[in-house]
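To start, I am sharing the structure in question, which I have written as structure tokens.
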Amino acid sequence: MKNDDGPGRFVFPAWTNLIRPLLAVILVTVPAYLVVLVWLGGSPKTTDVGYRPEQPVPFSHAVHAGQLGMDCRYCHTTVEKAAFAAVPPTQTCMNCHKQVRSTSPRLLAVRESYASGLPIPWVKVHDLPDYTYFNHSAHVRAGVACASCHGRIDTMEVVQQVQPLSMGWCLDCHRNPDPHLRPPELVTAMDWVAPGDPAELGRRLRETAGINPSVDCWTCHR
Amino acid sequence: MNARVRLAAGVTHSNAGGSRVGRRYWRSLEELADSPAFRTMVEQEFPGLAEELEAPATAATRRSFLKVMAASLALAGLTSCRWPKERIMPFAYRPEGYVPGVPQIFATALELGGAALGVLVKSVDGRPIKVEGNPLHPASLGAASPWAQAAVLELYDPERSTTLVRREGGQRRVPTWDDFVAFAAEQATALRQRGGRGFAVLAEATSSPTVAMLRHALLGMLPAARWVEYEPVSRDAERAGLAQVYGTSLRALLHLDQARVIVAMDSDVLYGHPEALRHAREWGAARRGDGGAMPRLYAAEALLSLTGSASDHRLALPAGRIGALLLQLAAEAARAGVLLPAGLGTVSPFTAGTPEADFAVRAAGDLAQVRERGLVVVGPGQPAEVHAVAAALNEALGSRGTTVTYTIAPDPERRPHLEAVAELSASLADGTTEALWILGGNPAWDAPAELEFAQRLAACPQTVHLSLYENETSRLCRWHLPRAHALESWGDARAWDGTLSVVQPLIEPLYGGRSPAEVLAALVGEPALSAYDLTRRTFASQWGGGEDAWRRALSDGIVANTAYATVTPRLLGDAAGEAGGRLAVRPASGRELILYPDAKVFDGRFANSGWLQELPDPITTLTWDNAATLAPEDAQELRVKHGEVVRITHGGRSVEAPACVVPGQARGVVGLALGYGREAGGSVAAGAGVDAYPVRTAATAYLASGVEVQRTGRRRLLATTQEHHVIDTLGMAERGRRVGSLIREASLNEFQRHPEFAKNATWSQARPLWQEIELKGEHQWAMAIDLSACIGCGACTIACQAENNIPVVGRKQVARGREMHWIRVDRYFAGDPSDPQVRFQPMPCQHCENAPCESVCPVAATVHSEEGLNQMVYNRCVGTRYCSNNCPYKVRRFNFFNNFTKVAATTRMAFNPEVTVRGRGVMEKCTFCIQRIEAGKTAAKNERRPLRDGEIVPACAQTCPTRAIVFGDLKDPSSEVSRLHRHPRSYGILEEIDTKPRTLYLAKLTNPHGAAGEGEASS
Amino acid sequence: MSAVPLPLDNTLEAPGTRAPLVLGTSDLASITEQVCEIAERPRPSREWLLAFGISASVTAVLFAMVGYLVWHGIGVWGVNQPVAWGFAIINFVFWVGIGHAGTLISAILFLFRQKWRTSINRFAEAMTIFAVICAGLFPAIHVGRPWFEYWLAPLPNQMQMWPNFRSPLLWDVFAVSTYFTVSLMFWYMGMVPDLATLRDRATSKIRQIAYGIASLGWRGSGRHWHRYERAYLLLAALATPLVLSVHSVVSFDFAVSQLPGWHATIFPPYFVAGAIFSGFAMVLTLLLPVRRIFKLESLITPRHLDNMAKIILATGSMVGYSYIIEFFVAWYSGNPYEGFTFLNRALGPYAWSYWIMFTCNAIIPQLLWFKRFRQSPWLLLVISIFVNIGMWFERFVIVVTSLSRDFLPSSWGYYMPTWVDALTFLGSFGLFFTLFLLFLRYLPIVAMAEVKSVIPAAGLELGPHHGHGQYWGEIPHQHDEQEGR
């Protein structure tokens, strides 16, 4: 083929031959990279898990729930009858701390609150979107353990989020609750392990208690 | 019940002044709501929230409001890289019996025009958010009127007066309550010296025993003082009429459940009556045709009322002719063998053959047949004589004791409101009254026009006005005192039948208001006593109630056996005859103007409520306006078009209002609702409607004859929710054709002959071409609406609005067709246009099993639940609005704007935290109150028991006065809703397109005279 | 070479002789000259600048309106209950419809060996691209929360939610985007040889490089041509079904719903016919002035106009037929709701819009039975503009009248557009013409290479063995000869 480059003719210089393979590579890698970025970077596993805010009072669950072995329900009294597992009033703290460590500077905020009657501004850790209605009582009564969602609180000096609490994560359990069920009276036991196959036990519990978690939208969104 | 017992305990704990906790808590909220800093903070915060709304994470809820509030307080809008840090603010001392986030229900009472309505108020985390009827209360029986329901919005109205105001020489100072107490004390001493001469108290009607006691104390202290009671809308004529024939002022109690034949003379017993809710319940129960019997209702009225709409025979008649018709009725009754007192039943104003005469013949015939089961009832607007004759007629029928009973009217010596206020005005004019305390009410605005009360009030040297709002009257008074709302103060009140209720607060006064009792106490020298002390004192002294009785009263909301004693008065010999004679039988003289209390804002006191302003008028579907209603023939004759402004003149006074054509209104009558056109009514009321009071004199308080109506050529766009534009003949004809299949009805006899008449009344039957999906949920929710019972009052619409955080969009948006009500009440005119029948049809989401909306949503934001609910998921919705297009019932509502950005921080406290507040650009619709369903299911599951039928009640069904709406589980064959779905009268609308609605309607039954075998039909 | 003298009415079908597709003394070089010269003018004419200034500022209005909309919400439009769809959807269907002519001309006529398409296909394809761009804008902005539109894409997510594949709106997304992609490729592919010609004639460095890159190093070798034609043929085959599918799918938005007036089985063919109808009308509306201004009479001959007019006549008649048959079906079905909907269209509050539609679409095009109307550019222009108006109102009638009065009389309403609606619609024309003017300025508006293949100079009339459809192999030599000169 004759190659008469007229005055006006623009010809791709030789180096542009590189562009083709390069283009191919880019077209493959860049989208892949973006997908991975969004997939991992955007998932609640990355954004939410490990959220560990500073609290106004250096309250240690490790001490109270762990070493002292207090039951969750001593403070979170409403967990079995209400949607919210209410954070306890200052009163509750002072039940003990009138005597125990009654002068500790770390409890200053608590004593102030007790005196003034103003609340202690705790920071919310497990924070669902406002259009999501979660009911503690329903889950606890069905035998879903505190630890299933909140992790080993009894080992946490400062509470942090250990589960993504994403919609998909909720659905996984709602679709197949068996491995996460235990006898309701044991829900607050932190170190409980199922005797034998948890799924098998869960199946029996589900069938006896007639638990059938719904995956309808309005179960959680209204 | 036990719930409420516990809560009553709760309330005494947190409100009885015992616990510094509750107080502390409320103070802080109160300070919050008050401080301008807070206001601005929220304003700044909310745009932020508004954006956040759009984000997938949030459509804001009350919870998020609280969180944002907390967050902003705690860290001034600081946000972390995650999303705004949220704070948990637990009580330092949690009130006993209180579980965070769990609603508490308190029984209390709301008073309107001197009659109490017992209500249950739901309170979440200390904020009252919903008013329901109190099933134990005789005037409520579990239902609540739109007015009662809107009380929550009124409570949180940011435009309520927040401070005392002292006006002197054009100056406006803001004193404290202590200043006022001091002023009261010195005034009291000054007055004592002259025994109270020149002093008057102008109070709105109240049934409160505590106020009565204080009044007694006051008059004891100041014998020469005058106590004046005034209500712009009162039932004095009835009282006077009964006094004429019985010699004492009585109060009539109607018992529709006893009646077989009811003749309503210009009377709206089903809506415009202190006991309307009870009447409606009895009516609804009687009209279902069970057992083959059904009362028959005759209505003669000038304007189209709900009672007239519900009637079997309706006669459109100018109000001025009602008396004549009554005489005709008496005459016919006499002819039919009813023995009337002397002088009655002699005149027959109407010549035989006229519609009026026929009406009278039929009605009288039926009355004579059922005797003591008959009832003649006359509206409050009619003159005393008409009431007198009606009472005599009832007496003659033997109805007294069955369909109507009498009690001694409370405060029998009281002067009629109109006369009392006239005398007061005169005494102000001639200076004999120089100190006037006004407790509630708004006389400067709503007193009869010829009294020029405003000018006289302004001239009075010492005036005090206690009021929820700084309104037209407050502006003319030296002192304005913020009044504590009924939901934030202690008190007591008595129902129409006398049953006592204790009014207990659900929240401490947001704006530091005080109750009338407290203000009076300051005057009679007991300033130290709180409303609580005063109420308990009354309770102890009058009902000897100890702690237990008190707690029971708080828990039940009523004190049992406190109704007024029924009396058996004797008819004065010829009083009735004289009354009949006095009843000037004059032909209608010229055009009539009827000034009636509005169905929504009543006499104007509710004008600043967005819920009520936007509630469509049951008949005209008009919102945000009142209008001069005209019969079509009159409109033609006057060449007035719908929406054209007309000038109505009477005795030199005139008002201009847009015309609204209403089929079925009597010819020669113009109707105009009171209560609109407020000058100082607040920003919501501003610009809504025209003020009718300027043409309202004492003489024409209800009816003015011989009014002029001229066209002005100007137009006003009327925001109606039906016929957004004047409908063309083509559409009119088609609508006429369709009504029959939408609202199926038959007479009682037809029903007995063909019970299945409502089935298959469509042009075709759909047969699905595919395998139908069957739903596996353990419940299958459904609704049934009985059109025989529904009277179209619209209580369901407001209940739904309050329960589901439904926004108010304003007149412009309604005019565009963007109202947001999840359940609307469709109004159709059927039959002969000159004498139409009115039909109502509540229309919530039908929750179709084959929901057309579901298949077309591209993002699956609306899908079906296993329990048969058509779920709309706001947070998934992108707003294509395709679902709305494809909804054959057009019950879906779209947020064209963010409707909550302008909602004040205090008003947000009325939000229901269990329901997402929808952001902009998302579709919404009736959910069958899913929050209540879920709550019920969870409760049952936690208690390891099956759900009981009737345990879950949606807001609309709960408040329906006639119990027309029933909700339940179809899986349970014994449930009420299953029974109704199996009922022969049940049908679904638009079955032919195979949507399979879960909401079935029960066909309407009527009981007209003249249907074959009618004689028996009524008995 | 045998030159056919101007003027000659090449719309006459003389038996035996095949009427020429190109008139005048145009030979290969002159065609190149004629077309390239337009794009090579050193500076745009005053008219162009004026037109561009206007359309650009109207486009600015469009973006202002979109910004205003996104800021305040859908409420700034006139949509309401029950009419939840308004101008946005009307405009979308309108523009998509217009977007049909291009690919139809280039693909279907190509497969049918309709040589006369060569002079106008480039132009029509360009119009298609721009129309679809305008169309795509509206669905994008008409949703309540545009920032969540990505939920319509089947992306895996932590919510474990997929879009609803039953929804026609979703099909729309796929149909329109596919159609746009293919049309774009088709257009660009076809332009490569001409871009190369522009490159070769370019004098300024920038133009050389710009056109050079755009023409992907085209040299017109036999192999190039061979591949080019293969690809072109395949794309044509690919595009053809799309032409029919796109508007069928768009029609499903309505046909799949249960709304009386929407729920109709004839919608797909009816919509496609209407689309072609409006598409050709728009081509004419744009072509006639351009032909005049740039003196392309010899390439875009009366015969072209004549053929397009005939297509408009044919499709116009189909549309008119649909209008009538709709009434018949409504009556014959016995469905009272359906019946009322159509009565209401013709006699109800929106009757005016119905009769505008009917006159413009069903009656006026019938004039094209007369040759004089097909001949005179001016009359054609007027008619085509009427058709454009009519076709917009057709969509207005379908969307608004059906929604405003459906099943329950209680929820009947009335739709009134706002100024934002109006300006947004106007703005979309601004965008359309801006793009179109840029096309006129910088790109070869006639497919030179293809036209060359049908002029007498291509020697197609020589020898018995030559005939339409067998000349593909020859053009490279011609082309090289050109280069050779």
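Per-chain numbering from 1; labels A, B and C assigned in written order.
Please note the rule applied: a contact is a pair of C-beta atoms (placed from the backbone, for glycine too) under 8 Å apart; a residue touches a chain by one contact, two chains touch by 3 or more.
Here the structure is a predicted model, which means the values were calculated and not measured.
Chain B has the Cα centre that lies closest to the mean of all protein Cα atoms in view. Pairs A-B and A-C differ in how many C-beta pairs touch across them, and the larger number is found at A-B. The mean-CA centres of chain B and chain C are about 59 angstrom from one another, to the nearest whole unit.
Separating the CA-averaged centres of chain A and chain B is a span of 47 Å. Here the spacing of chain A and chain C, counted between their Cα centres, is 53 Å. Counting only residues that touch two or more partner chains, chain C has 161.
In chain B, the residues that touch at least two other chains are 56, 876. The set of chain A residues that touch two or more partner chains is empty. By the touch criterion stated above, chain C contacts chain A in their complex at residues 156-161, 199-203, 208-209, 211-213, 217, 219, 221, 483. Residue ranges of chain B in contact with chain C, taken from their complex: 54, 56, 722-725, 727-728, 730-731, 734-735, 737-739, 742, 763-764, 813, 816-819, 824, 826-828, 841, 843, 852, 855-860, 876-882, 884-886, 888-890, 892-898, 920-923, 989-990, 993.
Only residues 72-75, 78-85, 142-149, 151-152, 161-164, 166-170, 173, 253, 256-259, 334-336, 340, 343-344, 347-349, 403, 405-414, 416 of chain C touch chain B when the two sit together in their complex. Residues of chain B touching chain A in their complex: 20-21, 24, 28, 56-61, 63-64, 67, 70, 74, 80, 82-83, 85-94, 99-102, 777-778, 863, 865-867, 869, 871, 873-876, 914-916, 927, 930-931, 934, 938, 941-942, 944. Considering their complex, residues 1, 4, 6, 8-12, 39, 43-44, 164, 166-169, 171 of chain A touch chain C.
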